[in-house]
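Across the two complexes that follow, subunit A remains constant while its partner is subunit B and subsequently subunit C.
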Partner chain A sequence: MNSTLWRIRLLKIVCVLILAVLIFNLFKIQIIEGEEWANVADNNRFRHLVELAPRGRIYSANGVELASSVPTYVVALADEQNKDRREQTIIQLAGFLDIEPNAIEEKLSKHRRKFEPAIIATDVDFETVLQLEENRHLMPSLVIQVDPQRYYPEKDLLAHPLGRVNKIDRRGVEGLERSWDEYLQGIDGFSVVQVNVDNRQVGDPVNSTSAIPGDNLHLTIDTRLQQAAQESLRRVLQRLRDEGKANHAWAGAVLIMDPNTGKILAQVTEPSFDNNHRYDKIWWAENIPEEMPDWAKKLTDRTYQYRRTVGSTFKMVTGLAGLETGVITAREKIYAGGRTRINNQHVNDYGYAVHGNVDMRRALAVSSNIYFATVGSRLGSEKIYEYIEKFGMSRAQKNAGFDDISLDEQVSSLDYRLGRTWVGGHTVQISYGQLNEFTAMQMGNYVSMLANGGTHYKPYLVEKVTDYQGETVDFFEPQILDQQDFSPESLKVIREGMQQSAASSKFLKDLPFAVAGKTGSAEHDRSNRKNKDRWRDTHSWWVGYAPYDDPEIAIVVFMEYAGAGSRSIEVARDIIDFYFDLEK
Partner chain B sequence: MSNRHKARKKILSAIVVVLLLSIIMSWSTNNPQRILFLEHLAAEALRPFQQAASAVTNFLADSWQFFGDVRNVYNDNQELRAELDKYSGTDLRILEIQQENLRLRNLLKFQEAVDHQVLPAQVIGRNPSNWFHTLTIDKGVKHGIKVDMPVVTNQGLVGKVVEVEPSHSKVQLLISSSSGISAIVQRTRDNGVLIGLSNPIGYTRITRLNQYADIQDGDVIISSPLTGIYPKGIAIGRVVEVYDDPVSLERSALVRPEVDFERLEEVLIIINYNSPVDDPSSGGN
Partner chain C sequence: MGKKLWKSYDYILLLTIVAISFLGVIILGSSSVTGETSFATLFSSQTFIKQLLWVVIGLVGMAIFSLIDYSEWQRFKIPLYLFSLALLILVMVKGSSAWGAQRWLAIGKLKLQPSEPAKIAIILTLSATMAKEGRTLEKWKDLIVPLLHVGVPMIVIFRQPDLGTSLIFLAIAASILFVAGLRWIHLAVLSVAGAIGSVFAFLFLLKPYQKTRLIIFQDPWQDPYGYGWQIIQSKVAIGSGQFLGRGLFKGTQTQLDFLPAKNTDFIFSVIGEELGFMGASLFLLMYIFLITRILKIGLEAKDNFGRYICVGVAAMLAFQLLVNVGMTISIMPVTGLPLPLVSYGRSSFLTTMISLGLVLSVAAHSDTSIF
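Coming up: the complex of A and B.
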């Protein structure tokens, strides 16, 4: 009897014990470690996926894709709780990626955000991706993500202004990519998907916002014209070097604008480079001629990041100022006898040629330095700088108001007055385009204003912004920054002078319509014995517009160290032929 | 037994219980293994009760089921009688054999039409819960079957071998959501990946196509030799819908497979296609 009682008690004790252990464990799991276990469970169930938004595309005016995005593949592994499967997956993946399993382990151990897959490899080639896809059943936690990267299908076309995107954070860091980054950036998508015990997605995402691609830019550039200008410039420079006419003719620029709107139709810099390899030393080593000197290899855009003396292409500023202020009339003749001294400054015409008595038109046609030095000395430097400003070429008017590319990436003209004691000789020299330096962009605006009669249109490159569905977000109309009321008579004289100058060129003689133009053979500082460039040829310039009667395009051709300005006309002729679809 | 004695005993047992509890708690807290041991003990002790309880529950459930079943059995019986009248058994067998004959003839024709050496196999197992993922065939290592060998019918690609046993193997269907096959659009030769879909089930999607790829409804999708598993040009399916996703840098399309996966009874295993990565002897008979 007593032993029965004892047994019952023992049973009671055991029951209480069991119950106590159970209650204690429940308490431990639910309350003490509750949060931790809930996390583990959610980790198993949910996976966070980021969908990277592709950058907006950049199109030319004729619809060619200048910047697009291409998928690059990122291989990642989601959290895997099952130890065996985790190990198997790592070994398999290491085999396909041809890396050590330890390298994967290391990446996984460093990965902190357990909800998100850990990135194992980036830039995985397509064939490997296909192989991985075919063996997904062996690696349930495998995630293949698409990482959109910038691609420039036209390679070296417009490479300079397009700029560059940072590969890591995919933000624009140079050129249009930088200044239009707010538009071009898309909004990344994000989704939370539920996965089953095999790490496979089940059902629709629990929570998702889809990625919105960035807005597209539509440029004013016509790729066909751009291409034609680039090929011509490249060819002419090459030939000048090959024929030993100008051994340093490696670099140059072409700017083509619509003088009636300010639209930039072509914007060429030579040498150019494949923009997909902008900072790729190997590409440069393999694709750029070994003989090219380092100064030419710079990535500088020679239309808005570069200034040089412009030589006789400046003479229309002095000429128009002379006529407008009345210091000279169109008919007054000045004797150009090859060489002279004005304001105690030696002046000579090209090759000491004697042109005799020349008026304004004739002086432009034969490009007499003596004539314009005389006009300049009558005007005085202040008046000349006043007209520089009227043509939007002053230092303050950075690139004539072109601001589609961030101003801090652009340079402005060099004002020779700064930090100098001015003497009369300086006035003489600036009258025919020495000392002061200008950019091709400023020259483009200047010649456009001569063509359109004094309207300063803002030069622009971006005409339209559309969203990814093609809806217009922004449209940019031509913008008038300034309107000069030059007298039509003065303008007519200057234009006729330019027309005569163009007509005298062997490259422009046989055109079906007249064009206006002016050459420039710009000297750089050759007096300084320490200047290593002093033996090099002059810069070759040509500015002009066509047709003469009804201007459709304004052209600037600049060939650095290429010698006489007349050499640039060959490029201008190619451009005119192409634009007006002329048979040669 | 005096009352005082009783009270003292009660207090004593309470103290013992508390003491024991504390000992067990501290003994088990940091070692799950020990809890497990206790759980086992408890489970063993409770098992008879659980069995009794579930027996009672099962009995009740079964009884309920029984009444329902009686009705079903009655209905089935009526239908079966009608069916039995229609066939006299042998007809059915003849029909079956005829059909098998036809299928095998078709397979034979296919075998003649392709360059590859194929081994016919019977589908011997298909797990209903896994209907769209895998099936089991009656050929295995003994017959020279190896993992990754492509499986086809005269209609087109079925999938590939993923597991081999001595005398049977498991085939992963291309409509399985864990299947991925490198495939090309026949008309344009664009390369992509064909993956099985869980929705709509039985369909596949070709994806990872170039963003500029020209793909249209009705385009034929065929296997690609790029990764070395599948021979070139085995029919897979036809495009029924092209997805137009402006966000994606890859094009994709919904593809209806050529093979009727609902009715798969015989398949062919391509045994002599040497993937470039394997050793040359892997494709022998």
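Coming up: the complex of A and C.
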């Protein structure tokens, strides 16, 4: 009997041991590891939801929306921890989205941030979204997010400079979209909600901030002018090809600036494309003529990402330099006899035409290479480059200081001196616009400076930034980068020469006001046998401004491989007609 | 019922039982009401009201059993044993199943789990057998009768399959035989045999799901959304309770349904989460006090029958406490044993109350007064 009682006491001790073991383990879990487990519990119950900020819009000066933000739907799945429910949700969702359940599995397994839903499908159409909403109860972990995506309502208008937004991380990656990304982005909203095991929200969000839409850009571009210039350029190029006058005339550019401010009013590149399909091969295949060569199909903007020899449009640099330095006077005449040799370099006028004795004005009007080669040889290359720099066309300053689009997307001019032993013949050739290469943007600034008397305004595209409520965030006034003190007399001579040049064109005859302009037919280097375009038509250029007396617009027309510069004047005339509202 | 009965009635045990039961009901209420919970909203919970009702019914049942002289049960030894065995066999043939096991017997609208009352029957009948005049455990052959006595129902329950409950029978039998004077050498041999038998059973008798459930507690992360889910969520719940707990009705694991079986098998996790280390430890202390108090009554019982009953009931409660709480803190496998007096479930609650009624009867009918 004693043994019985003793054994019961032993059982009591066993009970106390059980208590000790349990409490010891509780202590370990709750006191030592407690904080960690509390974190796990919080991760269980909190979901982080993001409300994506709509990207800021881009407007033209006349209020047309060039880039907008349209809601698209993204279907995502939150972390589902119940095996059966997870499987059921995946099968259901796969059915609605018409994809393989395995594809969903794969996306879920690749998803790393467990507190955020994993994106299964983007750009889901509204129909499907409605169906999903109706059947939500079958898929407790379903999350439908609104993803505001970029849309370019004007499609191919200003497609190049607008650039592109990355669909996935929604960052601007090209053009204005990239350079102004900080403004355009906006601030995403977020909320932390408490969910139960079925992933259903319980109560109000614990913490939340609303999305702030990005700021809007207001450009200096007038879409009507842009449209008119684009249509004209496209039409003329097409006709030149159709009529067999210039078989390679596929590409070109128009730049229209306000010479009194530096505002870019139109900035056209051909061929253009629907910016909603920038890298969409199918779109390109369906919408771009099959016979268009690959070099033209590139996305390069031909106003600031492309440089070419500019031919005789350069002659005002040489002419003004000659007058300002005194190597020639306005009255001095030089004999232009069709062909000659200067500095051991053969020089001839267009079609070996004999112009006789010409002064500066006449030389500009008839575009005498012999005259400007002579002036150039008197100046020497150093002086010519000095004036290139004065006109904001130097290699050092990309596109005359245009910086609304990141400089690393811009091209600088080609300085022919680089890596070369300079000979007198080079000086002769650069005098009438060969060898060196410039961009249309540089030409725009150059002709603006001729029009406004030597003020170098920074070319600009973005005039104003407003926030989503319409309040102005930033306003950009015209900015003077440099001021040249060209003598009014010299300028007057050059301008008069340009006026005479313009007046001689059949396209510019019957205008109610005078116009200043200069053509350019840039030849290709035929001495270089490797040069693929050596036998192609010349690049056709025209630079000018209107009206002659009180310049309102400066125009640059560039048509690649389109032949004589005079062909570009047709585009210039269309622009003048449209801008000044003239009846043809 | 003489004056003496009231004098020797163990009011402290009674008070402890009542305290644990009501604490259990409140915890159960907290875990079954979703959304904002307070004492007022508790009454909107069906589970809470039902369990409250069963606590009252259970207490009445316990009182009745405590007033009946436990000695009377000795006479019904054979019919009790046969009846419960019959029920267990019946459930095998005609029972309804849940969670892959056949454990329930439907009688009209009532659902009965015969393995629960069978526990009481085995405690009573084994105690009666061992308390029989002249029975000793000197020789190996003396063990045959008691081992068969427990072994038959145990195997039937094991085949349901209900591994946990069949092991309770083993705990009950082992404790009673131990107190009844099982020789150390026999205990050692049986233990070794049991160990070998367990390994054999694990390898050849268990179904794959039982095997997985048995081992998963050691590394629940190998299947965090399947078999490991309950174990992980329970540990998260208890751990996040930290020292003082998240507060009654405020456990996020409980209230947001991350914790499965929170009303039944994992009710202790709710205690751990909402009442913290302090609350859970106090609860365990109270529970162990209850068990040692039962053993104390066993020490002071007037005869061996009463003594064995107490030991059997104490063993039953201690084993379930260890396995159930151990399961919630990942030191024991998941066997689906409820926490007596606290987990939701009629059969289990009534069984526990009646067995405690028997213990109270032993105390009331002992010779020595406790006061």
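As a convention for this text, the second predicted complex is superposed on the first by the 471 of 584 C-alpha atoms of A that agree within 3 Å, B and C clash if a C-alpha of one lies under 4 Å from a C-alpha of the other, contacts with A are read in each partner's own complex, and residues count from 1 in each chain.
The working rule: a contact is a pair of C-beta atoms (placed from the backbone, for glycine too) under 8 Å apart; a residue touches a chain by one contact, two chains touch by 3 or more.
Being a predicted model, the structure only gives us computed values, none of them experimental.
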item: Touched partner set for A:189, first subunit B, second subunit C, both or neither; value: first
item: Partner chain in contact with A:9 - subunit B first, subunit C second, else both or neither; value: both
item: First, second, both or neither for A:51, with subunit B first and subunit C second; value: first
item: Contacts of A:344 with subunit B and subunit C, given as first, second, both or neither; value: neither
item: First (subunit B), second (subunit C), both or neither touched by A:29; value: second
item: Touching partner for A:146 - first (subunit B), second (subunit C), both, neither; value: first
item: Which superposed partner A:133 touches (first subunit B, second subunit C, both, neither); value: first
item: Touching partner for A:109 - first (subunit B), second (subunit C), both, neither; value: neither
item: First (subunit B), second (subunit C), both or neither touched by A:421; value: neither
item: Doubly contacted subunit A residues - partners subunit C and subunit B; value: 9, 14, 16, 18, 21-22, 25, 198, 202
item: Contacting residues of subunit B [partner subunit A, same complex]; value: 13, 16-17, 20-21, 24-25, 28, 35, 38, 42, 45, 162, 172, 176-182, 191, 193, 195, 198, 208, 211, 224, 226-227, 229, 246-250
item: Residue ranges of subunit C touching subunit A (in the complex, touch as defined); value: 34-35, 175, 178-181, 224-226, 229, 233, 235-243, 252-253, 256-258, 272, 276-277, 280-281, 284-285, 288, 291-292, 295-296, 298-299, 304, 307, 311, 314-315, 318, 321-322, 325-326, 329, 331
item: Subunit B-touching residues of subunit A, taken from the complex the two chains share; value: 9, 13-14, 16-18, 20-22, 24-25, 51, 53-54, 69-71, 126-127, 129-137, 140, 146, 148, 189, 198, 200, 202, 210-213, 468-469
item: Interfacial residue positions of subunit A with respect to subunit C in the complex; value: 3-5, 7-9, 11-12, 14-16, 18-19, 21-23, 25-27, 29-31, 33-38, 40-42, 44-45, 81-83, 86, 194-198, 202
